[in-house]
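Every chain is named by a letter (A, B, C and D) in the order it is written, and numbering of its residues begins at 1.
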Amino acid sequence: VDENVTTCWFDPLFRTEAMRRVFSDVARLQGMLDFEAALARALAAVGIISSSAAETIASQCRAELFDLANLSRASAAAGNSAIPIIHELERLVAKESPEVARYVHFGATSQDAIDTGLMLQVRDAFDVMSWDFEFLCNALEGLSSKYKRTPLAGRTWLQHAAPTTFGLKVAGWLSALTHHRERLGQLRSEGVVLQLGGPVGTLAPYGDQGEKIVALVAQELHLSRTDLPWHAHRERLVEMAMALGLLTGTLGKMARDISLLSQSEIGEVAEPPTAGRGTSSSMPHKHNPVGCAVVLAAATRVPPLVSTMLGVMPQEHERGLGGWQAEWETLPEIFELTAGALAQTRQIIAGLGVYAERMQANIDASRGLLFAEAVAVALTQRIGRSAAHSLIERTCRRAVEERRNLHDIIAADQEITCVVSVEELNCLFDPERHVNAAARLVDKVLERVRLLSQKELSH
Amino acid sequence: VDENVTTCWFDPLFRTEAMRRVFSDVARLQGMLDFEAALARALAAVGIISSSAAETIASQCRAELFDLANLSRASAAAGNSAIPIIHELERLVAKESPEVARYVHFGATSQDAIDTGLMLQVRDAFDVMSWDFEFLCNALEGLSSKYKRTPLAGRTWLQHAAPTTFGLKVAGWLSALTHHRERLGQLRSEGVVLQLGGPVGTLAPYGDQGEKIVALVAQELHLSRTDLPWHAHRERLVEMAMALGLLTGTLGKMARDISLLSQSEIGEVAEPPTAGRGTSSSMPHKHNPVGCAVVLAAATRVPPLVSTMLGVMPQEHERGLGGWQAEWETLPEIFELTAGALAQTRQIIAGLGVYAERMQANIDASRGLLFAEAVAVALTQRIGRSAAHSLIERTCRRAVEERRNLHDIIAADQEITCVVSVEELNCLFDPERHVNAAARLVDKVLERVRLLSQKELSH
Amino acid sequence: VDENVTTCWFDPLFRTEAMRRVFSDVARLQGMLDFEAALARALAAVGIISSSAAETIASQCRAELFDLANLSRASAAAGNSAIPIIHELERLVAKESPEVARYVHFGATSQDAIDTGLMLQVRDAFDVMSWDFEFLCNALEGLSSKYKRTPLAGRTWLQHAAPTTFGLKVAGWLSALTHHRERLGQLRSEGVVLQLGGPVGTLAPYGDQGEKIVALVAQELHLSRTDLPWHAHRERLVEMAMALGLLTGTLGKMARDISLLSQSEIGEVAEPPTAGRGTSSSMPHKHNPVGCAVVLAAATRVPPLVSTMLGVMPQEHERGLGGWQAEWETLPEIFELTAGALAQTRQIIAGLGVYAERMQANIDASRGLLFAEAVAVALTQRIGRSAAHSLIERTCRRAVEERRNLHDIIAADQEITCVVSVEELNCLFDPERHVNAAARLVDKVLERVRLLSQKELSH
Amino acid sequence: VDENVTTCWFDPLFRTEAMRRVFSDVARLQGMLDFEAALARALAAVGIISSSAAETIASQCRAELFDLANLSRASAAAGNSAIPIIHELERLVAKESPEVARYVHFGATSQDAIDTGLMLQVRDAFDVMSWDFEFLCNALEGLSSKYKRTPLAGRTWLQHAAPTTFGLKVAGWLSALTHHRERLGQLRSEGVVLQLGGPVGTLAPYGDQGEKIVALVAQELHLSRTDLPWHAHRERLVEMAMALGLLTGTLGKMARDISLLSQSEIGEVAEPPTAGRGTSSSMPHKHNPVGCAVVLAAATRVPPLVSTMLGVMPQEHERGLGGWQAEWETLPEIFELTAGALAQTRQIIAGLGVYAERMQANIDASRGLLFAEAVAVALTQRIGRSAAHSLIERTCRRAVEERRNLHDIIAADQEITCVVSVEELNCLFDPERHVNAAARLVDKVLERVRLLSQKELSH
């Protein structure tokens, strides 16, 4: 446990330790100090200060030299987290050299330090998620491949519809997640940018050296550059929030499916049994899908937070009032909830119980109704849709009422057998047709995913 | 500083210490323990256990006996904050008496403890806000009364419209806040209810003593009762969230007005100058409206959180999956942001700089245009709206172009003076008409507010 | 079909014809005209104009005299729906008497007409919903009473938990809806208020007759009065939006429960079979819960719309820019989606198929696990919770693995039977205990609901 | 006016006629029919039906043959807009040939038609926006270039901060919009995809011809393909919603800036005066920024709608219940509000009044305070930040209190002039430094925008 990371009660449930660390107070502070150090070195590189002055400043840019509780209180007074840091950094540098201290934060404005520090945290956040992401995708690849021919009742509107396979359901999840990996990778490499503009974003304090200093600071911090300072243009941060929201939505879809398949009456999958997890204070027989609950909670909480990020974009003039401040806790919250949901999903998938026999039993329990659509298609070709649908609806109703198998009822129905032979009927009720179709699609997804992995590795 | 309250960086800016304490981990724990103690006493009152057994249980229901970090980790595993508490409480009680330990949490389910504990926190939260609320309303009463005749440019669509008074603007804020105080008071007295239903909300574990036990626990905790357990019916909590959202909206309206009136070009009011507040890291001349920014941030962040609370209402069956969990951090966040906004508003209003001379100067700078509507009304009565509006538009345009006062242009315009006498014109340009009208409304508001205060005191 | 009501494709699915009529363009227009007529009569009552002039104005305040398409286009240009109406009304009145036309809209501002017209629509909207509301509550009362002793598997976290009854589930819905009826009734009688303040809300155009005119207009339109004009204080409208959001949340909870109970594998209830409803273009055997889908869609769409209403409360100065305009389509949308969900729920409940035998079969299929909690409680009293839970978990696991009934396993387990007698065990596995408890709660709800109905009737 | 497009009152204000047409009922219908025609042709290409049969089907796939009112009512009953269309199409085709009618919609499911039809509308929607987009960007390029050296008070926290130029502010808008154009172009070319999967997304009805048929339908409709059907994976649609939300946010930022700059007291820009636009029913002198209000309303309404789209992603199994239905009106609403905001912004910018002399006057009115930061930077280098800030704060306070220019006060302050020479001071108060810096940044943006335009043209 990292003692720099404050944990509140529900953190271990909704968040990961690693992501908490990325957005901890100490990391926020260090991000801003990294900016100040890089700025000092850039000032040296263009000759405004000496190299040794830059290193004197940089030597004090270490979070452990600062008192976080004081900074927090002073931020509340200042309305701004950078101002007290800069004051304290100056004080520390002045102890080494009062002259050098005059060049701390030279030409920059608070928001330059705050936004750049945030971007450094954001970069770490992307990296922290990548391991869970990779593990999850690999696990899904395995599941999809393993169960690509395992029949499953396809369900639409929460009703049995027609057969599919469990592997195809998993391939759907995998395909979506693969898309998110690409998008987040793109944002990681293009959207993590330096903020440096001075008081109103003109770079005026640096005269004609502005562009050069920007380039140097960006280089030092390995950040991308933008054509303009973006103090009141928050598009890049909002894009990240949205990409995370999208990922959370897909994780929520997975959790929705898994929790529904885990219902007592269905029992086709189950979250991995972990000691002490999912039990009840009053009901010892229960095995609650706790992981799914956490993921669904995240998938419910993140969209309104994304709405907040979008809603505060109309920020006033060169720097906004209220909108910018509304981002401060919101974006980290989105990262943390998303990473928490990702980690939970990884754990669920890593040990997911898959019960193929229950899948088959649930198909059997539908007494052939899952194949009604195939018969309807065949009949339609012979006698038209409305006649076909009437016939099938009638036989389906009988199957339900008489608790008999649809196949038997249809095979005994002369109106049907006079246009569809019994051999053909047998074929229509054969799950293999569905399994083959599903397996073809699974193969396509797995092939694409593997190609992408190879491409990634070759980079 | 209360060491039981964990503070993250922005807490002192967005939240109050008092509200942080109400929703601290330790208060959450104590709330659940208070439920367990009250339950034990109720069990004794109906004869299921002895009084001394109940007191043995109650004696261990003290938060300081528990290790919060362990509980937090165990909650994450269990998916539920009550289970590890109950286990630990049993362990503690068993050290006193193994037999008595068997009746810890008897017949209840985790959510009974969690929801009841939350309600105890909620009640404290209402109480904590009441002081700021009262102070704020009193201060607004004073401001409204003091400036009820101070002319102010009324602005619609961000354009000068017609004169009003600063006191009337303040009375508008006060009137809305008074309404919120009544509503929150109503929720405080009716909506803070006990949760007790057992595993699926039937009270079955208590046989025919269920109703009696519910009554006893409610009485012990001074909570209201509902006709049914409400594990999956979250209406009461959502109503609180909404009432807080509404309050934050009104505070946001105040902050919007104040921040706009504080603009450099307008300068009619200013947040109180506090040491170190509202300064800039790069611009020593600035005085930023930091309090308004915090309030506007809250008014932006709370509505989507209310949307979350509303959106998770469709919870599954007897207890939900994902929806309930999404509430856990959301409702406290709404309380904390609202209380933070309330405290900031109190501070702003307590020391608000009001610059009547700038208000007058800005009215004067409009060169009489603020009175155009009054002239238009008078003219309309004589020559009809469209002719009147044409005349006034023409004279207004001249006033702007020639940088002259509208009064002088109109007084020299024979087309107008032939229907409206100069005496009448002077009267139309007299701010007193507007001031008198505004003052009448202010008096009405103040009278109602005072009546309400007296009614409250007499209770 | 009312030809004044424009219908778009999904309207008949998501909205009711009656509510579409309330918020139709023609009703919006008539609402504003009703305001203008009432204002004219008030002006006459205080002697500003003659009674016959007032009636001349009122005689033209009929929507059928106006061209809606032109008004819509002119509104877009003006940015405001009232301005072109007032111009046109003046033109119409001027045809009767140019002198009288000068007093059309006298002293009022556009927003006075727009907001008051909206309130008149809002009042109709409440009334339109009341019939569905009453029908639904009556139907739920019947269902709750009929099935108050019908055993149902209580489900928490989507897992079987302990028995409840279907009547108690229905009573939970009814209890919540009864609360909403009271709240909406309160808003209907207190929150539907007049807007009249003139350009900046001072009532200055009316001199010292402002208060009297306000009282007269309110009386004429049967609207409540406020202490101040509320052009930029939108609390009342937002409160309505929130109350509707809360109602939609409860309806969503009902639809969630019903759709889950309707799953192919569960089949405990079914939406009423309506000709052509819930069928599939490809699957003739399906019976989709279409009504639930509509209600859940509403329960998903309304919360963010409520967030919009809350989020635009910080409106600028005496009248806002952007926020007010954002309400124009949002509030009607909330009313329409809510009323649509209410009507769908009424239809679902009116013909709900309830299959008690499937409820029993699903309980049976759990092989006694639903009673594990009761045994655990009994055992806990004898041997303490952890020992009891261990024992029960072990026997539950065996019941699942060996596909045997938990009762039989427990009855054969000497570790258990040595502390709990077989007679007691039989009693613990007796559903009657749960049914009795549930029925007691149902009776309490029904009693309260009937008391409220009597109180209402006696008014 | 297109009579196929139903117009409600506020449509001409918030939406464009062109976008209303794209999402009209008739276009929705035609989109689905285009899918059916393309499917028929693909079936012919793989030999399931004859070419002439395909053309028989295609010949009836014309919206004008259908009765929209009937379809709407039937959709409400079916819960699904495709079913009644398919029935009616079959009926029409059957009039030509009953045999061919049997192959209408062969193997597909309703959602295939609905989603593909939607994608065809979405593609048109992107195209419809592109003209406004291009016009707007060109106009901003012109403005940015023209005013790149026009001094403007840079404002942060709504307070004067330091000088910038109006051209740089415009360049900020342009830079963001250019980014959105690229992103929307990317979504237009990659994200507009075919939906075809059959009942549960396995393509089983087509046996081993599924992939080929998918390719043929996609080719016929010029749509991209996905590796899997995406009935319950809505990522692509949500990404579009988010990209539009982001665009609306930027437009909102522009409208915020423009409306603030248009305030009576500031008057630096003004919306173009259009006949009848922005006037008041009571105040003839007013010129309300109506366009900004519409854009800000959209920027407020769209984020919660995006939240809806994100929030409904966890759709159940192979096709969801409630979530899918919630999208039906939400996505078109997002497109329409965004396009409306874009068109309004285009109009605002096309005729924006820019008043350089007021910009200068407002700078002058600050009595040199806008240059305080530059002096502070210079002083800091000599005497350290805290001494420098103290000095500057003191002189700023005197400037405000004595209503004198900061330059004069500083030039007379020996404590300052002993470290900064008067020549240097003059230079620090010279707006050219700021103008030069801003102009450099503007040039960079314009260069990048022009490069991108050339790249686009060369494609």
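Just so we're on the same page, a residue touches a chain if its C-beta (ideal position, glycine included) is under 8 Å from a C-beta of that chain, and two chains touch if they have at least 3 such contacts.
Everything numeric here is computed off the predicted structure, so don't read it as measured data.
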**Study point:** Of B-D and B-C, whichever chain pair has more C-beta contact pairs
**Key:** B-C
Exercise for review: Overlay chain A and chain D by their C-alpha atoms and let me know the rotation angle in degrees, rounded to the nearest 5.
Suggested key: 180
Practice item. Between chain B and chain C, tell me the centre distance in angstrom, where each centre is the average of that chain's C-alpha atoms. Key: 24
Practice item. Go ahead and note the Å separation of the Cα centroids belonging to chain B and chain D. Key: 33
Review point. Which residues belonging to chain C are in contact with no fewer than two other chains?
Key: 155-158, 161-162, 198-199, 205, 255, 259-260, 278, 280, 282-283, 288-290, 293, 296, 299-300, 304, 307-308, 311, 321, 373, 377
Point to revise | chain A residues touching chain D - in the complex, by the definition given at the top | key: 86-87, 90, 94, 98, 101-107, 154-158, 161-165, 168-169, 171-172, 175-176, 179-180, 198-208, 210-211, 226-235, 238-239, 242, 245-246, 248-250, 252-253, 255-257, 260, 296, 299-300, 302-304, 306-308, 310-311, 313-321, 373-374, 377, 380-386, 433-434, 436-438, 440-441, 444-445, 448
Review point. Can you list the chain B residues touching chain A in their complex?
Key: 6-14, 25, 28, 68-69, 71-83, 86, 105, 108-110, 113, 198-199, 205, 255, 259, 274-283, 288-290, 292-297, 299-301, 304-305, 307-308, 311-312, 321-326, 328-330
Review point. Which bits of chain B are touching chain D when the two form their complex?
Key: 153, 155-162, 259-260, 262-266, 278, 280, 282-290, 293, 304, 307, 311, 362, 365-366, 369, 372-373, 376-377, 388-389, 392-393, 396, 406
